[in-house]
Each structure stands twice: as structure tokens, then as C-alpha cells.
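Two complexes come next, and they have one chain in common, chain A, joined by chain B in the first and chain C in the second.
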Partner chain A sequence: MAETLHSFKKEINRDKVATVLLILPYILLFSTFIILPVLVAGLLSFTYFDLIQAPRLADLYGTFNYVMLFTQDENFLKYVIPNTLKYAIIVGPGGYILAFLMAWMLSQIQATPRKIISLALYTPSMVGGVFIAVVWRTLFSGNDDGYINALLLQYDFIDEAIQFLQSPEYLLNIMIFVSLWSSMGIGFLAMLAGLLNVDKTLYEAAYVDGIKNRFQEIIYITIPQMKPQMLFGAVMAIVGAFNSGYIGVALSGANPTPQYSGQLIINHIEDYGFIRYEMGYAAAISVVLLLIIVLFSKVAYTLFGERD
Partner chain B sequence: MKKQLILFLSLLIIAINTLAFTEVDASSTTTYTYAIDRKGFFVVTQDAYLPHRTILDLDLDSPEDVFIDEFDNLFIADTGNRRIVVYDPSVDEILYEITHPDFSSPRGVFVTEDNELYVADSSAEAVFKFNVDGTFIEKYTKPTSASFEATSFSPKRIAVDNQDNMFIVAEGVFNGVIQLSDSGEFLGYFTTNKVNLTAKQLWENLILSDVQLEQVGDRNPVNFSNVFVDKEGIKYSTSLGNNINNLKKHNTDGSSNIDTNFGFDLGLVDIYTDSQGIIYTASDSGLINIFTSDGYYIFSFGSSSDKEDVSGLYSDLTSIAVDSEGRLWTLDSDKSFIQSYTPTEYSTTIYNALTLYKEGKYADAVSEWENVLMLNQLSVLAHNEIGRNLYSQGEYEESMGHFVLSGNRGLYSQSFWEVRNVSLQNNLPFLLLSFIVIMIGYYTIKYTNKKYHYLTEPFNKVKKVGQIRIINDVLYMFNLIKHPLDSFYYIKKKSKGSYKGATIIFGMFFVSYLIFITGKGFIYQYVEAADMDLNAIVLGFFTMTLLFIYSNHLVSSINDGEGGLGDIYKGVMYSLLPVIVALLLVTYLSYYFTYNEVFILSSILNAGIGWTLLLVFLAVQELHNYSIRNSLKSILLTLLFMAILMILFAFIQIMGDQLIQFVLGLIKEVFRNVFN
Partner chain C sequence: MSLKTMQVSPKKFDKSQIKFYVILIPMAFFMLLPVVYIFSQALKPLDELFLFPPRFLVQKPTLKNFTDLFRAASGTGVPMTRYLFNSVIITVVSIVVTLVITTSTGYALSKKSFKGKKLLFSINQMALMFVAIAVLIPRYLVIDTLGLNDNFFVHIVPYLAMPVGLFLVKQFIDQVPDELIEAAKIDGANDFHILFKIIIPLITPALATVAILTFQMIWNSTESSNLYIITETKKTFSFYLTTLTSNQVVSIAGAGMAAAASLIMFVPNLAIFIIMQGKVMDTMSHSGIK
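Up next is the complex of A and B:
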């Protein structure tokens, strides 16, 4: 009896060792490359750090960077936060809905055109900011030769070229437009995959049960069936919306953007981190950004997550 | 658009008033001075200028332009007599005349800093350059440049900058202001006006051939009427035309940096500035409009009349100039006289205060503006400028009150941002602390309640209140948020919701709508509640909502709709929750939000309205058991039917009036015939 119990305990211990060994590579990689940097950033946010001298604790028991951010940084409060909110509220849900609609439309057509069109839709987010900036900067160019200015001038809508990318009243809206245009990212692919995987027999069953049109099909069958992909798409959309700052800088060619009109949080981080080398302050902004994204992702989880 | 119309009408009224009241005016002025109040209407203000001298005895014949040099001598282009008259008002005599055998109709005159006199002559098609004492220097005829070949050259007005570049407004030249170099070489057009095409003309441009386009008439940009260069070399120009910047103050590249688009044609024919940068303009209606150097309207006075000979009234005001003492000298070319004005204390105080602000002496400027307020308590300009001065000094809280009085919402918003920022920072520790306390309190109560259940009893009581029929009916609207289709189905089956509940929600909507319309914060309340026609708002509100429900019932009952009138009423009312929340939330937040956060407010409002519209759409779909296409059709038909009904009502009302008049007339006729 005691013998068997002992061997059983041994068995369990061996299992534990095996489990630890199995997850060890993952744990190691994850902590080295994800957890550690985040922790370091969090710690740096309580210091002054300019990449040359060693970091030293900030004033006010280390909270100086945060106090500064929320009380003294007028540009952050006056422009960056309203801009980021506007950008995120439109580009996040807007891009999400657009991605879903596009994916749903594509799922309705034959395989070959679907593959071609989905590749075309996915291209903008694949090739990245520089390419987008090149295309749209040509279109919105501020001199008489820019395509849109040339058209407007030719038909007498304006009498002098509009500085689309340098004037505060246009830049943010153009950024939003371009971001929506390139919003068919990874979330779009996930939703397309999810749509194609919905069991066709469910639709037939639902029609037998009395649903009548495509709209009801989507509401009652498609969306409940692809909840995981919807959640993934939503989180990707939120993270993307808060994290994409390259477009404003790429379009206007300057950081900070003209009169802070297109300045998003991520640009602000870059401005302080890589232009002014105030790493501690930049880290503090990053932590705030992280908290905002976590908060909004929580909202997405409550909306789309499985409750069990 | 509406504002422009109001402005235009008030101008008309001014014109009529000034004519009617000229004889009963007690001061020596003959016309009232008008300024704009904070709602954009013209109001009578203190007299800004008093008529000074009316000079008739210079034997002028339709003089068109006047210029004043640094010694306060008047250079008058005496067009009809083909001469330039140099007149010294201090001794009241003509010093000398300048003539040239080629003069045909000298219409524009300009004297530069280095004492050279330029004369624009449209019939001689030339510009003449003299020394100020009258010695002829040079004659510039049409430039030989190839790009100017097809254009005629008949210079009408001229201005010259410090580098002796000539800026010429010529007749029949639509391309812009001609710029000539010192040697008479064509340098290009300094500034151009845009061709203002109407929608019809744009359409014609698209569809007509070139030959047809030539026949429909000219598409020329509006004409420049005058040009001026001040002592610092800044160029100004005036143009005649609707809905453009009639007055431009030019950057070096020719674009304008002031906004003087009033929506209607100011009719400006001349412009002049003084050493303080104040802009004086004369318009063909006899009005003299005065602007700050930033292009803000200050006030205007003067009027036209071709019958009466009253000083201050013009039959054809053509030119204006200012001397070093701030006196205005104006020309009437029809009756060929010179009229001068002296500024009152009111206007000189305003000009001084404006200059003090430009020099950065904000505290002095404020006290100067307070002097203006002593003369005119409601001066919008004074309040606005005091606000700006206080803002520049960092006294944000004080400036807000003045911006309210001047109706300047943009700057109020900026001041408010600063004030709010300070108070947020002061309260930040308190806010954070209370947030943490609330969170801790919430979770402790939540977890202790799990163990001891002391809250279960009160909660049950609250729940019981919620189960009272009528309250339960109202609260049912929250179900619509999560499960709209199912909830409408239960409403249709009459198992949930009631007429009473729906009516209470309707009442809530009405109240929140009224609060929204009348009660927003200053920044967002563009029309004050006192100026609103509440009857029209209330009537419009009920007509539109109830008409929609009734029309939808009519349309759906002939289109196989399953829902009855009552179902539609309940369905629409139960869809109102998002818009009620949005209206109240936006109204509340409008007191704390500046223009920086306008986007948040507009998205809340749009989301609320959009959500409610979506719910109404779903209600139509579910209540009538329609497909999407049929619901869309039903809603569009409903809107169409609403329009038809409204037109019908309007008809009935108009015709009804006629009918009543007819019947009354008939009765009167009968009475007359019977009793006479």
C-alpha cells in the first residue's frame, strides 16, 4: 500500500517536472521579450533617463513624470488627447465595421475573385506606412500639381492650392480617411476565415425555422458563430487605432505635426523618446497608453467575449 | 445664410432710417454711426465722426481720387478738368495745379514717401510720374511684354510701394491688379479674384461646348475697385461683388489674411489707412466703413442722397483719405465737393486702445477700453478687446465675462480651457482620492454583502418598486438596448410595454429636447433662449413626431403591415432612450467642454440619434414583419407622405384664409343688401 502511494507521488512529481520543462521555453521567451521590457518601461517611467547618464529617480518620489504629463504638458492635454480620442473612436469602430462588411461581402462570392480582392484589400496594411504615405502624399500634395488640388483648381472650386497636409483643419481628417482605407488588417483576415468556417447547414436550419433575409442571417447565425474572430478583430482594431501614429508624421513629414493638429499619443511618445531623449517621460506616456488600451480592450471583452 | 440676410436687411433699414431722420438729429452729425452688436445686428452707437468742412469752391469737376501727403496737403485727381489739384486745407487755398498735355481723364493719384506723384489716366492709357512739385518725370504706357499683349491698358487707380513697384487697377482687366516695375515692365498680376460660379454655371461648364459657353455670357471674376499701399508697404485692395472678401490686406504672395466676407457686397470703392493701421473704406452707397488693422469691423457712418444737399450725405462717394490728425477727407464726384470729418473722442479712444494692444501694453489698453465703455456700455468691440487684453495677460477668468458680453465664443473657449485646467489640477488629488475611496467602498460592500446579505432586503424593496406596473413599463425601454428585435416582438404581442409607459417616455424626450435646445453652455448655445420662437419649436416637435407615426400607419396599412397605429406609437417611443440620454448628456457636458472637445460632444449626439433611428427602423421591421427592403421602402414612403401632408396643410391654411375672407365678404354683402 505504502509502496504504491510512494510510486504514485513519484509519478506526480515527474509529471510536474515534465510540465515545467514543457512550458519553460515559452515562459523564458515570453518573460525575456515581453514581460521584462514592459516592466523596465514601467520602472523607467519613474525616472529621469536620457540614454547617456544612468537613470535616476524622478522628483516627487518618482511620480514627477506622471504629474508633469497630467498638469503641465499643455500640448498633451490640449491636442494629443482630443486628437487620439477622435482618431481612435472613428478609426477603431469604423475600421472594425468596415472590415466586417468587406469580409462578409467577400464571403458571398466565388473563391478565385475572393482571393484576389482580399489580397488587394489586405495590401495597404501589409506594405506599411511609407508606401501609404507616398501614395497619399502625391494625391494630397499642397502645390498646384497635387492630384486633388489640380482637380479642384481645374473646375474652379478653389482659387489657390490647399495645403492639405500642412494645415490643421485638414490633417487629422485625412489621417482618419487614410487609416480607414488601410484598415483591412489582420482582423479582417481573421473575420474572413471565421465567416468561411460558419457551418452552412446552420443557415438552412435557420431558414427552416423561419428567418427570412440576409440581415437576420447575420444577426442570428453569423455573428454568434464567429464570436471569437469578432473579439479578435475588435481587440486588434482597438490596439491598432491607439498604436498607429506613423500616418500623421508620414503624411505631414514632421514630428510634431503642424500645430499638433495630427499628434497622437504614439507620436508624442516618439517626440519625447527619440527626438528629445527624455526616456523617462516617454515611458510614462507609454504606460498611460498601455492602460488606455487595456481599458478599451476590457470593454471589447465585455461586448464580444464568451461568458461562462 | 440667414445671418447674412439679416445683416443685409439691417443695412437696408439703416439706409432708410438715415434718410428719414436726418432733420431731427440734434448733434452736428447728419447720419448715425452703426456698430454690430453681439448677435450680429447693426445697432446705433455713439457718433464716431462729426462733419467738419464742406468745400465747394475749388471748381472741381467730377473728382475721383484724393491722396494726402505727410504735410497734410490734399492731392485731388480733378478728372473732369484734366488736372491734379494740390490743396492745403490749413490755409484753405489751392497751392498749385499739376497738368500734362497728355492728360485726358486723370482718375487715380498716389504720392510716395520719396515725394513722387503718380497719376493714373484711363483715357490716355498711361501712368504719369511727377515730382511732387509738378515737374514731369516719366510717362508709362502699355507694357510691351508678350503676356500682356492681348490686354487693354486703361489705369483707373494706382498705388506704389517703397521699391517703386506700381500696382494698378485698370478698367476691363479681370485678371487682377497689374504690377509694373519702376521701368514700366509688366511683372504680373499681384492679386487675383476667384471666379464665383453658381451651381447652374458649374453644370453648364460640364455639359456645354466651347462655342455654347461663349454665348452664355461672361464668367469673369469680380472686379477690383481700388488698391492702396500703406507706409509700411502693406498692400490693400477692394473688390466689388457678393460673397467674397471685399477688403483684402495682402501678404507678400498676394493672398489675403483678413476675413471681410459679409455675404453681401459692401460696395467698397476706396481704401485708406492711417499711421495706426486703422482701415478706412468708402463705399458707393455713401457709407464709410472702418475696420481694425486685423480686419474686424468697427463701425460705419454716412449715407447717400441725390436730392438733399446735407453735409455727410453723398450722391456719389468716390474717395477717402486720412490726414495726420485723423480727419477724414472724402470726395463726391457727382456734386464735386470735398467733405471732411473730425473724429470724436469715442473713435480716437478706440483707435488708441487698438494701438496699445498691438504694442503689447495690455494693462493700458484695458483702461483705454474702459474709457470706451464709459461712452458706450455695450460696445462689443470694447468688451472683446478687453477680453483679448486680459487673456494676453493671463487673467483668464476675468476675460471670460467680457467674451460673454461680446459673444466671442472661440476666445471664451480658450479662456475657459485655461480656467478649467487650473481647477482640474487643484482638484486632481481630491478627485483621485475620492475615486479610490469609492472603488474600495464598492468592492468591500460587494464582498461583505456576499457573506452577510445585509443589502438583500433593501435591494428587494427597490426591485419591488421597479415591478410597479407603470414604472416597469417605462423601464422596459432598457430591454430595447440589448435585445431590440425580441423586445419589439413582445411590444407587438402586448405582453410588455404600455401606452402609458410610452407616453411617459415621450414626455421625457420632449423635456430633454427642450433642455437641449435652450440650456446648453455658452460656448455651444449659439442662439439664446430668449431669441427663440418656443411656440414654433414645441409645435414643430409634436407635429414631426406624431406625423411620422401617423404617416407610417397610413403607409403600412396599405402595404401588408401587421402593426396597428398603437403598436407604431409604442415602438417609436420605446426607441427613444439613446437619444434622450445623448441629449441630456451633451447638454450637461456642454458646460464643461471647450471647442477642443467638440468632437466628443458631436459623436455622443450622433451616436444617440443614430442609435434611435436604427431602433425605429428595427421597430418598423419587427412590428410590421417586413424584410429589410420593405422596411426601407416603408420609411421612405412615410417621409414622402409626411412631406405631402405638410404641403397639404400649408395649402389648406392658405386657401382657408381665402375661404374665410370670401365667406365674410359674402355675409357683409348680404347684410348690406338686406339692411340698406
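Up next is the complex of A and C:
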């Protein structure tokens, strides 16, 4: 009896060791390169730090960077915040709704054309930053070789080439357009898969129960049935929107972008961190950005999360 | 509305589907236009690149841009093939290691019970929102402190922990019935056997998906070469391409080469995705966040 108990305990211990070994590599890498940077950003945001001298506590009990950011940084308040909000709201929720509508229409057609069309819609999301910069810079180029300018000139819509990527009136809208173009990523695929997996008998039952049209069908059956995928898609849309914030700089070729017209928070962080070496200040901007992302995601979780 | 017309994924064509095609086909066409343009641009000879007004499609296709690109050396004299070689090694190693650590962790999170399991999963789920460029600077400091600066491994190590990958794999392993694992244990299988003989064969769709996501992230990334690598011979192909394309002075003459270069970046992505599309869709049906 005692012996079996002993071997049982040994078994459990061995299992514990195995579990630790299984998760250890991920935990180490995850905490070092994802958790730690977030914590460091939080701490640094209360300091002055220029990479040469050790960080020291900022004035006003450490809050100086934040106070500066929200009261003195004219570019931040006048351009960066409005730009980021406009960009994030159109590309995030806007791109998300677009992706859902496309996925829904795709779910209503046959399998073979669906595979082909969904591949076409997904393609721009995997082209990568280099490709985006090359193709859209040539298409929107302000020189004569710019394809869009050439088209407009040829049909006499304009008299001279427009400097699309250098002029403040166009840059942000072009950024939004390009981001939407490449926004049908894995969130889109997840929603499409979710749509295809909704139990078909539910629809039949719903029509018996008096649902009248497609719109009601989507609201009462489809979306509630695929909430988990809707949430995953939403989180991916938000992350995608903020992640592609570099494109303003990639398109215009300058940081800051011309007259701050395409400046998003991401670019502002890089500007202060890697160009001016004001690391404490850059960290404070990072914290603000992380909070904005969390806020967006909170909305998504309230809409689609399952309460338990 | 009759029951016939409201089917999801219908088997047969029906007039009611026309309205969807009317929207979807132009949309697909529009999304692909820039891709077609790059293909055409990459195949244009010099005189067509200079042509005004520019033509959308190439008239006399040539591979000259590609051969020029392969012959071109960066300003520092490093041949292009060196960058390409670096990128291939980095991508392959990253995919293999990411798959190993994500699968083992996903298995533990799904099938083992240990303290802090729920916490770990919910932290990982929070980290789905993690936007790496938001913490570029603290990440730089961490990597610098670890002495990874100008080290070849900086292309790989910081990107191995992939929250989305772990999330998808864990959700997929949840579908594997516990009885299967119990039965294997009674037969004397250890965790290593269970992972390789039972779990991995059953979750290949999720693994394929994670491999694709890793590929897209690593193959396209310029961040590590940009920020951490000083030695030219350790930099990656995508970085080399940005140096080629960001130089606006070479705009027209370099346009063909830049297009050829972006194609070389893009075609592997496309090929891998087409081969594995079915598996990805399989994985995505389990991707929901509850």
C-alpha cells in the first residue's frame, strides 16, 4: 500500500516536472520580450532618459512627461491624436465591418468561387510592408510615372500632377485607403470560418419561428452563434490597425510626415525615441498608445464577449 | 423567403446569388489590381518603365529586372544572395522553433492541470492585443541589455513567443478528446510520445496556420535588421529591399528592380498560403475567443 502510494507520488512529481519543461521556454520568451518591455515602458515613462545617463525620476513626482504630453506638445494634441483617432476608427471598426460583410456574402455562395474570391481578398494582407511601400508609392507617385496621376492627366481631370504623398490634404486618406486594402487578414478568415460553421438547422427553425429577412437572420442567429469568432476578428482588426501605423512614414518617406499630416502615435514614438533620444517621453507616449488599444479592445469584449 | 434560398454555402447556383457576385467579383478584382500591377511592372523593360503615359500591363515582358537585381550589390558591396541566404535561414529556424514551443505549451495549457494555468492563458489572451511597435523602445533596451545587439539571433529569439499562435494551437488541442490521451498513458506513453504520436498528427491544420503566420511575420520583417544589426552581412533580404526602394532618387530606373524584389518577397507567401488554405480555414473555425 505504502509502496503504491509512494510510486503514485513519484508519478505526480514527474508529471509536474514535465509540465514545467513544456511551458518553460514559452514563458521565458514571453515574459522577456512581451511582458518586460511593457513594464519597462511603464517605469521609464516616469523618468528622464537619454540612453547615455542613467534614467532619473522626472519632475512633478515623475508625471512630467505626461503633463508635457497633454499640455505642451502641440503636435501631439493638434495632429497626432486626431489623426490616430480618425485612422483607427475607420481602419479598425470600419475595416472590421467591411470584413464581416465580405465574409457573410462569401458564405452565401458556392465553395469553389468562395475559395478563389476569399484568396483574392486575403492576398493584400500578406504582401508585407516592402510591397505596400513599393506598389502604392509607384501608383500614387507625384512624378509623371505615377500611374494615378497619369490617368487623371490623360483624361483631363487635372492640369498638373498632384503630390499625393507629400501633401497634407491627401496623405492621411491615402493611408486609410491603403490600410483598408490590406486589412482582410486572419480576422476575416476567422469570421468566414465561423459563418460557415453556424448550425444550419438553426436557420430553418428561425424561419419557422417567424424571422422574416436576411437582416434579422444576421442579427438574431448568425452573429450570436459566432460571437467567439466575431471577438477574435475584432481584436485582430484593432491590432492590425495600430500595427500598420508605420505606413504614413513608408509612403511619404519622412518622419515626421509632411506637416504632421500622416503622423500617428506610432510615428510620434519613433520620432522621440529614435530620432531625438528622449526615451522617457517616448515611453509615456507608448503607455498612452497601449491604453488606447486596451480601450478599443474593451469595447470589443463588451460587444461580443460571453459573460460567465 | 423560401427555405431554399437561405442556405449557407449552397451546393448549387441560384439566381439569388447573383447579387453577391455583383459585389464580390469587382471587389476581388480591385483588391488584386495592385498585385497585378507589380507583376507587370517587374516584367517591364526599361523603355516601358519610362513610358508616358505609363501602361498598366507590360507589352514586351523581360526578366531583365530580376537579373539586374541579382547582380546588384548594395552600396557596401554585399551581394544580394547573402541577404537572401540570411532570410531563408532565419525564417526556417524561426518556424521550427516557434512550432515546437507553441505546441508544447499549448498541450500543457490544454491537457495538464497546474497552478496558474488559467492566469497564463488569460495573460496570453490579453497579449493578443500586444502591438510590438508600441513598445519598440523598451524592447530595444531589453534586447540591448541581453547583449543581443548585432547578434544574428536577434532576428529570431525576440519573435519566438507568439501569443496568436499559442492561442490558436491551444484552442485546437482542446478538440482532441481526453480519453485518447488517457488511453495512451495507460499504455505507458510519456508526454513526449503523446505529443509526437497523438497531438501533433491531429493538429496539423493549426500547426500549418502558425507556420504561415510566423513565415509572414519573419520573412517580411525589417525591424530587427533596422534596429539591432550593424554588420551588413548579418542583415536580411527584406531590409535590403527597403534600402533599395526607400531611395527616391532611383525612382524610375529602380522601379523595375524594386517591383521584382517585392515579387520575390511576396510569391513565397502566396504559394504557401494557397497550398495550406484548407488547413487555415480549419484552424480558424476554432479561433473564437470565449
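Following the convention adopted for this analysis, the second predicted complex is superposed on the first by the 271 of 308 C-alpha atoms of A that agree within 3 Å, B and C clash if a C-alpha of one lies under 4 Å from a C-alpha of the other, contacts with A are read in each partner's own complex, and residues count from 1 in each chain.
The rule is simple: contacts are C-beta pairs under 8 Å (C-beta built on N, C-alpha and C of every residue); 3 or more make two chains touch, one makes a residue touch a chain.
These numbers were taken from a predicted model, which means no experiment stands behind them.
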In the superposition on chain A, see if there is space for chain B and chain C together, and answer fit or clash. fit
Let me test your reading of the model: by the given contact rule, A:Ala254 touches which partner, first (chain B), second (chain C), both or neither? neither
Mind working out whether A:Tyr155 is in touch with chain B, chain C, both or neither, as first, second, both or neither? first
If we overlay the two complexes on their shared chain A, which of chain B and chain C does A:Lys86 touch? Say first, second, both or neither. first
For A:Leu77, using the defined touch cut-off, is the partner it touches chain B, chain C, both, or neither? Pick first, second, both or neither. first
Quick check on the superposed pair: does A:Ile97 touch chain B, chain C, both, or neither? Answer first, second, both or neither. neither
Return first, second, both or neither, reflecting whether A:Leu303 touches chain B, chain C, both chains, or no partner chain. neither
Between chain B (first) and chain C (second), which, if any, makes contact with A:Pro228: first, second, both or neither? second
Looking only at chain A, is it chain B or chain C that touches more of its residues? C
In the superposed arrangement, does A:Phe215 touch chain B (first), chain C (second), both or neither? first
For the superposed arrangement, tell me the lowest C-alpha distance between chain B and chain C in Å. 8
Pick out the shared contact residues on chain A: the ones touching chain B in one complex and chain C in the other. 212-214
If you look only at chain C, which of its residues touch chain A in the complex? 1, 3, 6-13, 17, 20-21, 23-25, 27-29, 31-32, 34-35, 37-38, 41, 49-50, 52-54, 56, 100-102, 104-105, 107-109, 112, 114, 120, 123-124, 127-143, 146, 157-161, 163-164, 166, 190-191, 213, 216, 219-220, 222, 227, 238, 241-242, 245-246, 248, 251-252, 255, 258-259, 261-262, 265-266, 269-270, 273-274, 277, 280-282, 284-285, 287-290
Given the complex, residues on chain A that touch chain C span 15-16, 18-19, 22-23, 25-27, 29-30, 32-41, 44, 102, 105-111, 113-117, 119-124, 126-131, 133-139, 141, 143-145, 147, 150-151, 153-154, 181, 184, 186, 189-190, 192-198, 200, 203-204, 207, 212-214, 217, 226-229, 231-232, 235-236, 238-239, 242-243, 245-246, 253, 266, 269-270, 273-274, 279, 282-283, 286, 289-290, 293-294, 297, 304-306
Give every residue of chain A touching chain B within the complex, in rising order. 70-71, 74, 77-79, 82, 85-86, 89, 155-156, 158-160, 212-215, 219
Chain A partner, complex, touching residues on chain B are 192-195, 197, 202, 205, 255, 417, 421, 425, 428, 485, 596-597, 599-600, 603, 627-628
